[in-house]
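The following pair of complexes shares a single chain, chain A, combined with chain B in the former and chain C in the latter.
Take a look at the complex of A and B:
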């Protein structure tokens, strides 16, 4: 077994044997210095739900990532210990090992381990001093034992590795869409129409109607592509004057201005409000945005500008020209991405909750 | 004395034979040694090296200038052919992409046996078997940007940008696929490669070739190619001239090993 640099003693943690994911999700990688083990996941789950991780003892990871909302929080933008609203909407934590391996809406970190450090220490989120947190956790006999079993020590590195391990196990793969892909059920006519529209870029020349979703949201993961920055896009939320930096803040490339991470649409019916700033309250508003609310800018994807079911892309007016029936069908398909097992599974739930 | 001379002679003979065997062995060993071969792809629009996101390239068949925002394509099934054997790269599916951060794109071939290779072969696009499969081999990824959906397969060549004509700035979307458009290419390699002195081969990738023919394509008249098979075939007929060996250019010199 690979061992991390922080380990002082060889440990005998148990490799996670029952971990699996659908073939169609594709390859995934677990860092060699943080293998998935039962002990690490158990510890990570406890830390994830423990409000003692924050400076005021009131905010845990689960404050903004609530299981029944597919690990989002239902707010426009999240609120942590300071009570000041944050800049961004809480992201779902489903299927994090697939799609863009850059985290946060603007992709500013490249590993889940690194990601956990940001909310832990951010003055508005959990405002924690990590040295103090390690000292406190060492005083707790239960945590001492869990850390010992998982990593051989209680340390800053072990905290972030455990949190990342738990997050890696958050796989959502039993929605009706997954069951459809496995051939276990057929979608009804409305959902099937929605699926076909989701999976097609419109082409008037061959009478193919489409809603263009798949150009950014991949067919099986329904999230961004993993290669380089392919999983980031400017989806026409703001015009040139109001374009936010987005990915450009990370890469420095002006061509990346206004691009944000394409989120997974798994459990999308549970994760309102939508977009990086939570500006849309319902899926209807989201569909209306893509249908006729697109704002043009220099980095707007040509795939969005060109996608028009009436073939009027060169008219200067951007619209998908979907019918009302088509929009309702797409929303019906989006509801097939809800995974009830994922949002109720005991293994992902709060270990401190009274049964 | 006689005996002593005989021993000295035997010793000399033994050393000579050992040295000869050593040299031959070393030569045989050296010849059998696998090495790496790098394939370099240099993007061009006509004679100009590709620069992304600038309205600088004249519309090949009409008015206005076009800008390239994204350009990538699949290059598959690389093989090196010699009279004594063929090198086949395993899971040979490469997404050749030009993101502007590097001047070109490199494919490293590993463990290439030293042989007198006569030609290199590869395909533009994805062969029919892999195109129908959901298996992730090489850079093939059913959840990647080059995947259409599992009923259609992969885009072989993706070119996205805009065409600027006066005040009009219109989107260009060329997603060219379909199994009939897979194009195998074979090209003779330079003599230096045959003698194993060469460590890289350089290729020119010219975007403009996609739109050239008896009459050049006016991008305003054909701003997108997606699912129409005739349109796709029109662009794909030029796939084989899009990637050309640079060692046949008079100006370029092959890069040799030390």
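Take a look at the complex of A and C:
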């Protein structure tokens, strides 16, 4: 990617040693040219929370990615320097090292480094001129020192790499469900029923009831699917006439119309409103959508079409036919994905905040 | 710092020259890495350990130990590795101080898998842990572990099945039914090793006393999981090619979850009988039929059949002598319908894993060691002649389609250790082990 090179070697870049991630999340790779270092992460955290990165000095990354909301903003769609509502709902920032090969709801960039550039420069988001930003940062003694230690220079590439490094450290791994996976606790009966429904595709032939969640949300604990465009789906939000471009805007492929990124479900109870356009205000509304609100279209996921706990998929009516108890149980399970440590951890918090 | 650092948008958009990086990131370089349990060999002054090893035959560092954690406090090594359904890693063990353990894994800042430690679990005195399965009974999940030494190696008829809470690892129950304790003719549990379950029936084998001289079994035991009690023994024995009892070792309850529509049956490998037996199961009345010999090693010139492994289409059975893996059509089960030529590995062919190499070649890696008990040539005090003939101390990697040997690492030559067990680092790479 064209982030430019960091020409100087940092003198004191320290490999990140105070870092441990769950084995079960799977393999991740950090770019060879942007290893995780203490200095890069410290710099990235400061930049992430600094409103001076925006054209009007009022909008930082954290404006739309608030820690207590699992790095979302609670809005239907975000609002940046222009004051105009953006096209999409703010996506959570957690466990971004695992899975995603395409970022944003419509998958418009391929790397975390590239991702940091988009909001920085977008006229409605932060509207920043990167060359001017570099000039200003070089005038600041504190930043000059931080950049020197992390990357050996203050540059556009260093800004991008530092932000990406901080975002890579946003690891959420201590929800009740994480603790369950580690054997530290047992889910209660309602959560356990929800877990089983979440994991099951309904099959009336063997009397297996399921909510069909895992079919699309297979990477629900991390950042998404690791396959190039596999982690995108049309989940029946709109009918044929109202399908939005979605992934098609990136690929040009009509078969991708109406498909959006299947998001992580980590901390989902904190990240309302839901969907790419924030149309649902609660998890109850989301469950109602999947249960009886699916709209058919040419690109609707076949995994949704055929999922019916009454086996009536062949009739053409798309419905999961979940019971009220089942829906409540699934929501109870989704609440086990909330990681309170993550949303309060000081290492992820605003370094400018008064103690 | 002053606000308002300009407002114009840079025209220098990021050019995504990340295709190569993206491709590299997607490739799972970990797929060819394996966890191995290594046994220190007393005459070679080495220590038992658990290690991560590179097994990609195309890699320059094939056979390299990437990380190793030594277990100096154990006289006997860890024995078999298993991932739980929730991705937790367990190991059975041969040392009385550590008959069952949970192995802690994590990832460091570069994404590399790291063995963090080994925590020995309370087994209530049960010894010589062998196999583990996780199985649900009446909606409740349990971890079942066979302990070939039961609650004491001093018992000539030792053996038990430990029932554990899979969340807390707490021991729930010790299932024991020693021959000398139960009524004459009543179902017994003796030197259990293999175990496999379907619905409310658990099948365990009766293998050999851990001291390899006090006694040898010749039957399997059926347990009713409604009561956790043994309800039946079934003898599986015919030829005695080495004048021992048949010593059933691994069992596999062939079931619909493994092969859609299959008629359930139990397959049993007899270590000293050299045979594979099929025991029909009538799901309607929960009865087991008369055992039928499905494979005769004496006729086929193979011996010491050990493990059952499977992938999506085939069942693989390892035979320590002469060191081969036979393969059968999964769709043909419970009959053993050959699906391809034998894979010639090494003496002691035992555990195996499956993976794809970086170039996409599908391979099978086989651990060739029966028990790692040393070798007379080393004047090893732990040597047992019969056993020493089935210890190649190696892992061989073969093309899965053709069986061609692609690479071999001898752990004895390279690390002065025996290799006790192999398991794929991230998940098992197989679907039907027990």
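Just so it is clear, the second predicted complex is superposed on the first by the 341 of 355 C-alpha atoms of A that agree within 3 Å, B and C clash if a C-alpha of one lies under 4 Å from a C-alpha of the other, contacts with A are read in each partner's own complex, and residues count from 1 in each chain.
By definition in this document, a residue touches a chain if its C-beta (ideal position, glycine included) is under 8 Å from a C-beta of that chain, and two chains touch if they have at least 3 such contacts.
Because the structure is a prediction, the values reported are computed rather than measured.
S.K.: After aligning the two structures on chain A, examine chain B and chain C and state clash or fit.
M.R.: Chain B/chain C on chain A - steric clash.
S.K.: Touch test for A:128: chain B only (first), chain C only (second), both, or neither?
M.R.: The answer is second: A:128 touches chain C but not chain B.
S.K.: After the superposition on A, what does A:35 contact: first (chain B), second (chain C), both or neither?
M.R.: Only chain C; A:35 stays clear of chain B.
S.K.: For A:340, decide between first (touching chain B), second (touching chain C), both and neither.
M.R.: neither
S.K.: With the two structures laid over each other on chain A, which partner does A:25 touch: chain B (first), chain C (second), both, or neither?
M.R.: both
S.K.: Between chain B (first) and chain C (second), which, if any, makes contact with A:145: first, second, both or neither?
M.R.: A:145 contacts neither chain B nor chain C.
S.K.: Please work out whether A:57 is in contact with chain B alone, chain C alone, both, or neither, and reply first, second, both or neither.
M.R.: second
S.K.: More residues of chain A are touched by which chain, chain B or chain C?
M.R.: Touching more residues of chain A than the other partner does is C.
S.K.: Touch test for A:84: chain B only (first), chain C only (second), both, or neither?
M.R.: Neither: A:84 stays clear of chain B and chain C.
S.K.: Looking at A:242 after the superposition, I want to know if it touches chain B, chain C, both of them or none. Which is it: first, second, both, neither?
M.R.: It touches nothing on chain B or chain C.
S.K.: Is A:305 touching anything from chain B or chain C once the two structures are fitted on A? First, second, both or neither.
M.R.: first
S.K.: Kindly point out the stretch of chain C, out of 92-100, 218-226, 308-316 or 380-388, that overlaps with chain B after superposition on chain A.
M.R.: Answer for the clashing stretch of chain C: 308-316.
S.K.: What part of chain A is shared between its chain B contacts and its chain C contacts?
M.R.: Comparing the two interfaces on chain A, one with chain B and one with chain C, the shared residues are 23-27, 226-228.
S.K.: In the complex of these two chains, what residues of chain A are touching chain B?
M.R.: Against chain B, the touching part of chain A is residues 23-27, 98-99, 199-201, 203, 205-206, 208, 214, 218-221, 223, 225-230, 253, 255, 301-303, 305-306, 313-314, 316.
S.K.: Quick check on the complex: what are the chain B residues that touch chain A?
M.R.: The touching residues are 52-53, 69, 95, 97, 99-100, 134, 136, 139, 141-145, 147-150, 160-162, 168, 170-173, 175, 223-224, 226-228, 231.
S.K.: Would you pull the chain C residues touching chain A in the complex into a rising list?
M.R.: Residues in contact with chain A: 1-10, 12-19, 21-22, 24-26, 28-30, 86-88, 105-111, 113, 166-169, 426.
S.K.: Could you pull out which chain A residues touch chain C in their complex?
M.R.: Listed in rising order, the residues of chain A that touch chain C are 1-3, 15-17, 19-31, 35-36, 51-53, 55-58, 97, 101, 109-111, 113-114, 117, 121-123, 127-133, 135-136, 139-140, 160, 180-183, 185-186, 226-228.
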